[in-house]
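Next up: some structures, all given as structure tokens.
Shared chain: chain A. Partners: chain B in the first complex, chain C in the second.
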Partner chain A sequence: MTVLLLILAILPIIAGIVIKVMFVPASNGIDITGAHIFFTIDLPFGGLPISESQINSWLVILSLFFFCLFLTYGLKTKDMSKRQIVAEWIVEKVEGLVRSNMGEFFMGFGPFICAILGLSACSSLLTLVGLFPPTSDINIVGGWAMMTFILITYYKFKAGPLIYLKSFGEPVPFLAPLNIISEVATPISMAFRHYGNVLSGSIISVLIAALLTTLSQLIFGKLPGFLGEFPFLRIGLPAILSVYFDLFSGGLQAFIFSMLTMLYVSGGFPEDEYFKRKRLKEAKKQNKQAIENTNGGI
Partner chain B sequence: MNNLDIISVNIWQILISLCNLVILFLIFKKFLFAPVKKILAKRQAEVASVYDEAQKEHDDAMELKSSWDEKMRTADEEADRIVKEAVEKAENRNEVLLYESREKAESILRKAKAEAERTKADAEEEIRKEIVDVSSALSERVLGREINMEDHRNLIDSFIDNLEDK
Partner chain C sequence: MLELAIGIILGGCALGAGCAMIAGIGPGIGEGNAVAAACEAIGRQPESRSAVTTTMLMGCAVAETTGLYALVIAILLIFVAPGRFVNILLESIG
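And then the complex of A and B:
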């Protein structure tokens, strides 16, 4: 059963490779383009192109779903399996991260932060198997940043609209336009930071590949036949660079994105006012109830 | 080529990606965090119950131990008391025995003394008689005549008494 779930977790990635091989025209590796569009659904505002990045992120979600099932299959309180240890490790790490960065009030954010980390890291790591990384598509990362923005605004609104509006007038009222700009800039900067890092990684990889191809043609071009064409210098060095651009950068960007989400959401949340308001509300409720009780008594 | 541009903003794609994130959030919540937290809570409860049990057993053992200690202490006292009693009894008996034996010994001694006295007296009497007889016989022989036995006896007796007095 566990093996089956593990296979199901890996299957989406293989499916992604198959789709890529079947439908995406091969390139020589030195093109810089966006995601391949399979087809477009007609909708207002420009239609919905179903592109590689969409498909790949769905595949990642599917894969992560089965991976979760694989990890949490047959949990026991004693004699834990390695899978269970990994599952508990993930949960405890993420919860610890949320607790230290956001506090006890936001403990419900654990799965959300875990989702950002998992989706972002796995999407970036798709480059390792040669797939198009969805994180190098501005729309994908933009969606996540929008989610973060919605959360920030939601938690700012929790203490009431007046306090939300007042927060723009701080520290001095005439800075309000700047505050509004910075508010809007937050998700945009987050999206562009993540997308730009992953995309620039691919671009640099492509540029270096092109450079190395040219160089090896210069050096080995005199060799006869196939040997002259083969870019020898492209062996080795791109792999090392890929460790940085794909593994390290991908993981780091996922971490930064989730970290910023946590900091912005918990930082924008006016805790004191919220609890004050909550207390007031409860007092009012009790008052109301007391009045109702007395009315009922009469 | 049927590709997207490097930067192409599409509202639908953004929405779908947003929904993807929410879906993954729900997946993680339902299939990773919920079961793991449940199992953690369960384990916590189990550990707590095990601790409780251990504590209870420990308490029981301590109670048992204290009761045993109490019993041991009373047993010691009992033993002390018994030994003391036995010793006392033995001493009493000893004394009694000692007393009895002393008594016996004294009685024996007394008896022996009385015997000795009596023997002595008997012997004296005997000797006196003998002496009287012998002296009377002697006197008869010397005087050649029958003497008054009664007078003689008195004479000798007085003589012997004189001897004894000196």
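And then the complex of A and C:
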């Protein structure tokens, strides 16, 4: 069963490679293109293009889903398997992160933060198997940022709409336009930060590969036949860049995206007002009940 | 004449992209300052290394944002804008 789940977790990635080989036209030489659009669904308000980045991100979601099932299959309290230890380690780390950054009230955010972290990191790491990374498409990352923005606004509304509106007039009321701009800029800057980092990494990698091709043609171009055309310098050297741009930058951006989500959500939440309001509401309820009780008694 | 117009469009886009990337100076200086301060802090208190490193990486990523705005504009100017502008030119000629 565990082997089956592990195979199911790897299968989506292989399916992604197969889809890429079968349907994406091969590029001649080195060029920089965006995501390939497979087909477009016609909707009343315009076409909905289904692109490579969407398909790849769904494949990553499927793969992570089966990987989580693989890790948590057959949980025990005694003689724990290695899988269970890994799963518990992940849960403990994420809960510690959420507790230290958001506080006890937001402990329910653990799974969400872990999902964003895993999805973002694995999407960026897709470049390692040669697939198009969904995080270098602004639509995908913009969607995540919109989700974070909705969460931030929801938690700001928790203490009532009046306090939400009042938060724009701080510290002085005439700064309200600037506060509104900074409110809108939050999701835009989050999306641009993640997408720009991944995209700039892939563009710089392509430029370096083009440079190495030209250089090796200059140096080895005099060799006869196949040897003259083969780009020798492209063996190994781009891998050093890939360690930084794919492994380090991808992981760091995933961490920063989830970190900023935590900080913004817990930072915008008006804690004191919320608890005050909750206490007032409960007191009101109890008063009402007490009055009803006394009325019923009479 | 048409070649000249398209040439001016392409040249303008490339120049604009280059000028936009001047914004890379700012994050460079800012991140340098941040890392320098972090190094000093670690030198003074080596036991707080992990906390300082995490905070520094966060701060660096946030400081990088302005540079990335410039990068996005430069990418748009190189890959998207020339096609748009040439299309507009051809449509206006008819």
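Brief remarks on what is shown
Keep this in mind: the second predicted complex is superposed on the first by the 292 of 298 C-alpha atoms of A that agree within 3 Å, B and C clash if a C-alpha of one lies under 4 Å from a C-alpha of the other, contacts with A are read in each partner's own complex, and residues count from 1 in each chain.
The rule is short, and it goes like this: a contact is a pair of C-beta atoms (placed from the backbone, for glycine too) under 8 Å apart; a residue touches a chain by one contact, two chains touch by 3 or more.
If you're wondering where the values come from, they're calculated on a predicted model, not measured in any experiment.
The superposition on chain A brings chain B alongside chain C with room for both. The three-chain arrangement built by superposing both structures on chain A places chain B and chain C 130° apart around the Cα centre of chain A, to the nearest 10.
In the superposed model, A:S200 lies in contact with chain C only, and not with chain B. When both complexes are overlaid on chain A, the residue A:T2 reaches neither chain B nor chain C. The partner that reaches more residues of chain A, of the two candidates chain B and chain C, is B. Within the superposed three-chain model, A:Q253 lies in touch with chain C and out of touch with chain B [touch as defined at top].
By the touch criterion defined above, A:Q289 reaches neither chain B nor chain C. By the touch criterion stated above, A:S182 is placed in contact with neither chain B nor chain C. Contacts of A:C114 after superposition: chain B is touched, whereas chain C is not reached.
For the pair chain B and chain C, the least inter-chain C-alpha distance in the overlaid model is 7 Å.
For the contact definition in use here, the residues of chain A common to its chain B contact set and its chain C contact set are 32, 199. On chain A, the positions that touch chain C within their shared complex are 32, 189, 192-193, 195-197, 199-200, 203, 252-253, 255-256, 259-260. By the touch criterion given at the top, residues 1-29, 31-33, 35-40, 42-43, 46 of chain B touch chain A in their complex. For chain C in complex with chain A, the touching residues are 57-58, 61-62, 64-65, 68-69, 71-72, 75, 79. Chain A makes touch with chain B in their complex at residues 25, 32-37, 43, 45-49, 51, 53-54, 57-58, 61, 64-65, 68-69, 71-72, 75-77, 84, 87-88, 90-91, 110-112, 114-116, 118-119, 134, 137-144, 146-147, 199.
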